[in-house]
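Shown below is the structure under consideration.
Think of it as A, B, C and D in the order they're written, each chain with its own count starting at 1.
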Amino acid sequence: MAVRVQAGDFDISAELAALRAGRADIGAIVTFTGLVRDTAKGAPIEHMTLEHYPGMTEKALSAIEAEANARWDLQVSLIIHRYGALKPADQIVLVVTASPHRGDAFAAAEFLMDYLKSRAPFWKKEGRGNQGHWVDARDADESALARWTKD
Amino acid sequence: MAVRVQAGDFDISAELAALRAGRADIGAIVTFTGLVRDTAKGAPIEHMTLEHYPGMTEKALSAIEAEANARWDLQVSLIIHRYGALKPADQIVLVVTASPHRGDAFAAAEFLMDYLKSRAPFWKKEGRGNQGHWVDARDADESALARWTKD
Amino acid sequence: MKLDLLYFAWVRERIGEPGEQVETNATTVAELIEDLRSRAPRYEAAFSDPKAIRVALDQELSTPDALLTGVREVAFFPPMTGG
Amino acid sequence: MKLDLLYFAWVRERIGEPGEQVETNATTVAELIEDLRSRAPRYEAAFSDPKAIRVALDQELSTPDALLTGVREVAFFPPMTGG
């Protein structure tokens, strides 16, 4: 289990190699990468800034990761989330889950992303030229979260 | 859309870089990597051989990929499946899906893997020393497939 | 009671600073918001729609009815948009 | 009718070769399997449990009741274990 909040970029192959080093018991690895898109609601986007809440961010990501590890049979999990100034096609977030079973790896990765979207203290401002606006939270992201609620 | 059946290994970062080259409209990329595990049902595994049906394999993978693209809003999809002699910790299969929306990328990747498991003409023989046995199909893989059946 | 307040995203922009220390008699988050709104128009601008505001108490997500007893750091921000 | 037969995995191992050309009067997959079983013990060993056998006609998955009309290549193999 690991969580990193960083301004710099990440390399997926390097992260996977580090997670897999010295072990041959993993059967399935799922990765999710979130990227900055060059349009939002039809309007062109030239830049994005990710603000976060240092201190709380790491706690929130660790809590989400611990919950995923409690729910599914994971051998490895990793969350990397960037902050600061980004541009279209830049990588924003990486989630990795590894398990003996593909179902657990898929479910845990999707769970982590759904929680990250609306429960980790990040805020996106995107824009063009010297214009920028804060991205609204999407109702769809709240709905995505609701399906993980235990009955 | 692309399908590759090959004996050699693959590098996820290199594949993602190729898929993303020259575009900034992708929001979400999901990858699934399947690996050779060093145990099977509690017994140690030292080698695995993947046999396939040249000609049919490519057709079957392309058909599965086309179905995923028809069902979900994908910008990119890739299936790489290896054959031949492998050993524990080796990569067997890579599935990549990219979409503006994370839900589509996740669902399509899981669909592709479920179909690959029981509908692509590959057969695994695993063993230890000079012993080897053909891996049985798992009922769980058939069940996993069933949930994608359209009503 | 003395509290360290932190503001993020457009809450920060509307209030005009990333944080400050305040003295308040509020006992709940909702009372703290009312206290701040009464202080200056920039707080009124930041907190005019309470449903658009999220709060964390000592770095844990919380709710408007939460008590401030023992709390040191209160952060206000819009709904989160990570990932 | 002349057919190109292909065998994979343990079907191949039990029959002892990866494929062969056969002449048969079978009109369905099931009849072809019966024809082969009658030819030699190694076919009988490969096809003794019909439920364990999958078939592809000209590289498309098919079923035992499928007609062989116009078919050139028939492949027999166990349930697939890819991924």
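FYI, a residue touches a chain if its C-beta (ideal position, glycine included) is under 8 Å from a C-beta of that chain, and two chains touch if they have at least 3 such contacts.
Please read all numbers here as calculations on a predicted model, not as lab measurements.
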Set of chains whose contacts include both chain C and chain B: A
Centroid-based (C-alpha) most distant chain relative to chain A: D
Centroid spacing, where centroids are CA-atom means, of chain C and chain D in whole angstrom: 72
Separation of chain A from chain B, taking each centre as the mean of its C-alpha atoms, in whole Å: 23
Centre distance in Å when chain B and chain D are each reduced to the mean of their C-alpha atoms: 26
Distance between the centres, which are taken as Cα means, of chain D and chain A, whole angstrom: 48
Residue numbers of chain D (touch at least two other chains): 83
Two or more partner chains touched - positions in chain A: 34, 102, 113
Which chain pairs touch, all of them: A-B, A-C, B-D
Interfacial residue positions of chain A with respect to chain C in the complex: 34, 50-53, 55-56, 59-60, 81, 92-93, 113, 116-125, 134-137
Chain A-touching residues of chain B, taken from the complex the two chains share: 11-14, 16, 20, 23-39, 88-89, 100, 102-103, 105-106, 109-110, 113, 144
Complex contact set, residues of chain D against chain B: 6, 8-10, 12, 56, 59-61, 75, 77-83
